[in-house]
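Per-chain numbering from 1; labels A, B, C, D and E assigned in written order.
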């Protein structure tokens, strides 16, 4: 029984990758793949210390770049998407909200990912700063460890509203619960995401195959459906 | 303001951590004393169920416990919701919430050593004290606590040390608010994830050294005032 | 293959979890017996330092311990690197690595209750056994272990339950690889992150119920064969 | 009557079913074989066992179907059969444990005196682990006394004490019992200790009270096991007539007869208690004039009984309205042709007890 | 000589500094006041304390500067002064603990017989917590014996036993000591127990050996405290001449004099040991013919000493080459004008010990 090819993917890719993988598996049933989701930062340090991952899809292109420089990559860093951030709330329809509405006192707690290490959190902070809201809101912010955790803080109702990844709120179960407000991407630096094939997978045909599969039209349309902007569009 | 390679926010986190550990350990000791006593002495069948329940918080990953607690203590949960209806604030992202969370998770570390100590002590010293006019409270202070000192110490050390390092529960229900709920463990982890390894190492080292010095002092004091043993 | 609302991968994770908990608890008990015995009986100064060291693994957040362990056991670390040079594989992301990690983190839960039990027992029963021809091993089996049963039980329960729920250390040095290092706690958390709450609840519930039933059985057995107490 | 009780309690096969009434003051010896329930009965009195039944002390109801005075409210002193010192307290603090808990106004026992008389001054700063068995026992006795009890329960308090220590402590206990004027229940297997200290006696057998009454009655009753014990003895109450300080001799009257007993000081009271062991009484047909034995009393043989001692018979002698026991070799019974009703002379070595 | 040792050990203020030699078999009584170091010495013998010095048993070096035979390799039996039953084992398993660990071929004590003679058959299934104090002690004695020891150390084994239990156990111990042919070191405060069991005696005072020697010598030496004790006694070795089964009387010769002693059965050996308490000896100037006292022996007054007993003097009497003690009222010493060198008659009540 051959070892499946193992992909470590940032948690914002959780839903989209599941769909892509489903297609890949039916197209290439002889190439088994195992998907692990988590925070990009953790995967980066684990790969540095010998983690058996064949591909690494990061939420921030900086991580795979660092790995490449340290010689952990087989080949180049490939940018695959640009992420977007949205305002989302579990209790009300956030499509009605704008960034400046967050100043309203009824939002006692606003969840963002931790800007210190989570790329989505960093962009959320940029956006809040750019709209001059950071000082007002800072004391009401709570921080998720990664973007999926940030989503949970909002889902539990403990934070009335949050700034999270568009790719996550496009999940059908969330779309059912009402809308979201897309934050203008002019307010923050682009969230360019990239992946690498790790050194251990240099001779792994499945890894190559999956890397190529990311460029397939079917895949690209799924990515788009989850709100990602693709690099060359 | 950086000192010993540790930024101001981290100093605050450290301070918060020790406050949290101290408060939850103290509260736990007080609450668990009667429970452990009851467990040590009851003959009732229900005892084994309670004993098993006490250990259960350990069984789930702390992040998951934290998640369920977040729901429970948040505005829509049974506890948080009730508080909101009473005009108070819910407990998610509050220091009180952290205290509750770390208490639940450290419960077994306090109950079990105490229960063992009480069982090992037996009833004899209490009987003797009673014949010498000591009432229940008096017996607790003058006999039970000194004689179960080793168990109390273990309970306190395990609970305290464990709260210092607690991460999952605190992360979930704390929200990492600097100065309020961002404890050292979360700060260290943030540094690691953010690849600020120097800060992570410094803060880890400081936490370890402080805890180590505290523990050595406690154990040394304990040894100094130790009963020499029972034999001969 | 879904049964009780729990998928195949989760069953595997659950099995892995129990195997890990069993193995690391068993190893810890064996290793900690002599250490706890020495701590209970030595008069040397260094004792307090060792006691403090034993509690230290608790002080850092598990994820951070896991991170340091990852460095240590990985191909560039002192341990992992040495192994690689000797032609073996490093230990990061292996089941062995998980065992080492969970043992380090559970160390204090095993040492301290055992040490307390040994201290409470005193030397008298050993002296008596020695006058009745029991050699050191014989005394261990026929006197020390039965008389410190409560402490052994506490040590085993705390270590076992704690390993079931351990998340941070295991995630870091294990990487959560299905079938190899993805234990139940990581699986549950994955479900939570993936908003597959149903699976998370099912797996949590199963873990809790299994652990609860195990604990109740253990405690009931313990009660059944219990010494009735010391007083007349 | 000052202490009365009735207790029922089951422990496995063993069942305690005891009812007794003790005098207001003075020492009651609790006597019985190993396992007969002495400790259990003491524990019931102390309230350490929740027995069915009732207990009245000095007119106060301590326990009945409705009430149960908790142990720490019962003003008692308890010397446990087994080691009971607090291991975490020095001897001084063990002693002060009960002492401190009695309000100053109600303290009736002096700390320093007790410490001195029980010979534990030199041990005050030690922990119990650094004491010998006998030293521990003395500390435990002192600790119980220092709680100024109104009921003193002592479970073989002198079992592991040497004769000299006993000889030092007994007179102190005697004085203390007098001084405190409280009932004392005293378990001991040493008949001599009991004869010396006790006025009253309760005999237990398999959890039941076999007999209860004044010590001197029970000691000589041939239907009870005491008269047949190795160290069977009679206890006589006698009137002091005279004290000869030079020869340290007291002359006493006991009914019609006169008795002489050696004694260090003049008796302080008009009455003295004497213990006369069955083995200390010899019978002669004629009065022995040139013997070292002090007393040669005219007595009448009341009864000649079997004696468990090999080759002996137990002879009950009537001395006025009191009784003496004599353990006589079978050979002598034959040789002297002793028979009930005969008037003989008893050569008696008596000991003053109080 | 079979057991010889020298030990030095310090414990706080207390220092043990004991050197002694014990006979190959037979019982050595270890006597001394509370805190004199008896328990400590036993612990040194057992190897439970790492004392300086050396110990040789039956020609084997158990301990010296180089060697230290660990406790479990020393084939001994130890009855501890304090409770020592394993709380996690039933009485049966407590008893079997040492028994099982002795290879079958080396077992010299019968399980069922020991259990029966110590009266613990009914307790076998109980846990120690469900036993009374005396029951625990009996189990502990049985347990030590069942380990078929080659050296038996007993620390006040009968302290909390009633007279009847003692009377049942003592003959068994006696026989066992004979049968096992091992040295026994026996700590007891009861002189009577000691006089009955022991051949040899070691007197301890403040950690030092005050005297050591055959029991009958030490008991009557007036420079030692024993002769002045309350229950001072002499022990005589006598030759059996005749047994009168009907009267249960043994006739013995002790030097030139004849003695008669009551005894249930005919003595099994030609020698008997007699204990004669100082308080059981009366002096008369003329032989008393019509007294119930069996023996009226011609003796010579050797010495008249002070006696701690009020109003008494201690008279040492020479009986052939052996000695008797008599505790005589001062009054009688005057009245009969007793003086050293005088020939008098001793009225003696003797007890056969073996």
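Some observations on this one:
Please note the rule applied: a contact is a pair of C-beta atoms (placed from the backbone, for glycine too) under 8 Å apart; a residue touches a chain by one contact, two chains touch by 3 or more.
Chains and their UniProt names: B, C = Molybdenum transport system permease; D, E = Molybdenum ABC transporter ATP-binding protein.
Not measured: the values here are computed from a predicted model.
Counting C-beta pairs in contact across A-B and across A-C shows that the higher total falls to A-B. Using the average of C-alpha coordinates as each chain's centre, A ends up farthest from subunit D. Distance between chain centres (mean CA atoms), subunit A to subunit C: 35 Å. Centre-to-centre separation of subunit C and subunit E, using mean CA positions: 56 Å. Centres computed as Cα averages put subunit B at a distance of 19 Å from subunit C. Centroids built from CA atoms put subunit D at 60 Å from subunit C. Among the residues of subunit E, those touching two or more other chains are numbered 39, 48, 82, 130. Multi-chain contact residues of subunit A (touching two or more other chains) are listed as 42, 45, 149, 152. Across the assembly, subunit C contributes 67, 124, 127, 192, 229-232 as residues in contact with two or more other chains.
The touching residues of subunit C, when paired with subunit A in their complex, are 67, 70-71, 74-77, 80, 90, 92-93, 171-172, 175-178, 190, 192-195. The touching residues of subunit D, counted against subunit E in their complex, run 11-12, 32-35, 38-39, 81-83, 126, 130-135, 138, 155-156, 159-165, 167, 189, 191, 225, 229-231, 244, 247-249, 260, 262-265, 279-280, 282-286, 288, 290-294, 309-312, 326, 328-334, 336, 338, 347, 349.
Listing the residues of subunit B that touch subunit C in their complex gives 47-49, 51-53, 55-65, 67, 108-109, 112-113, 115-117, 119-124, 127, 150-151, 154, 157-158, 161-162, 164-168, 185-186, 188-189, 192, 200, 204, 207-208, 211-212, 215-216, 218-220, 222-223, 229-232. On the side of subunit A, the complex with subunit B involves touching residues 39, 41-42, 44-45, 66, 108-109, 111, 114, 116-118, 141-145, 149, 152-153, 156-159. Subunit B contributes residues 124-125, 127-136, 138-139, 142-143, 146-147, 149, 227-232 to its touches with subunit D in the complex.
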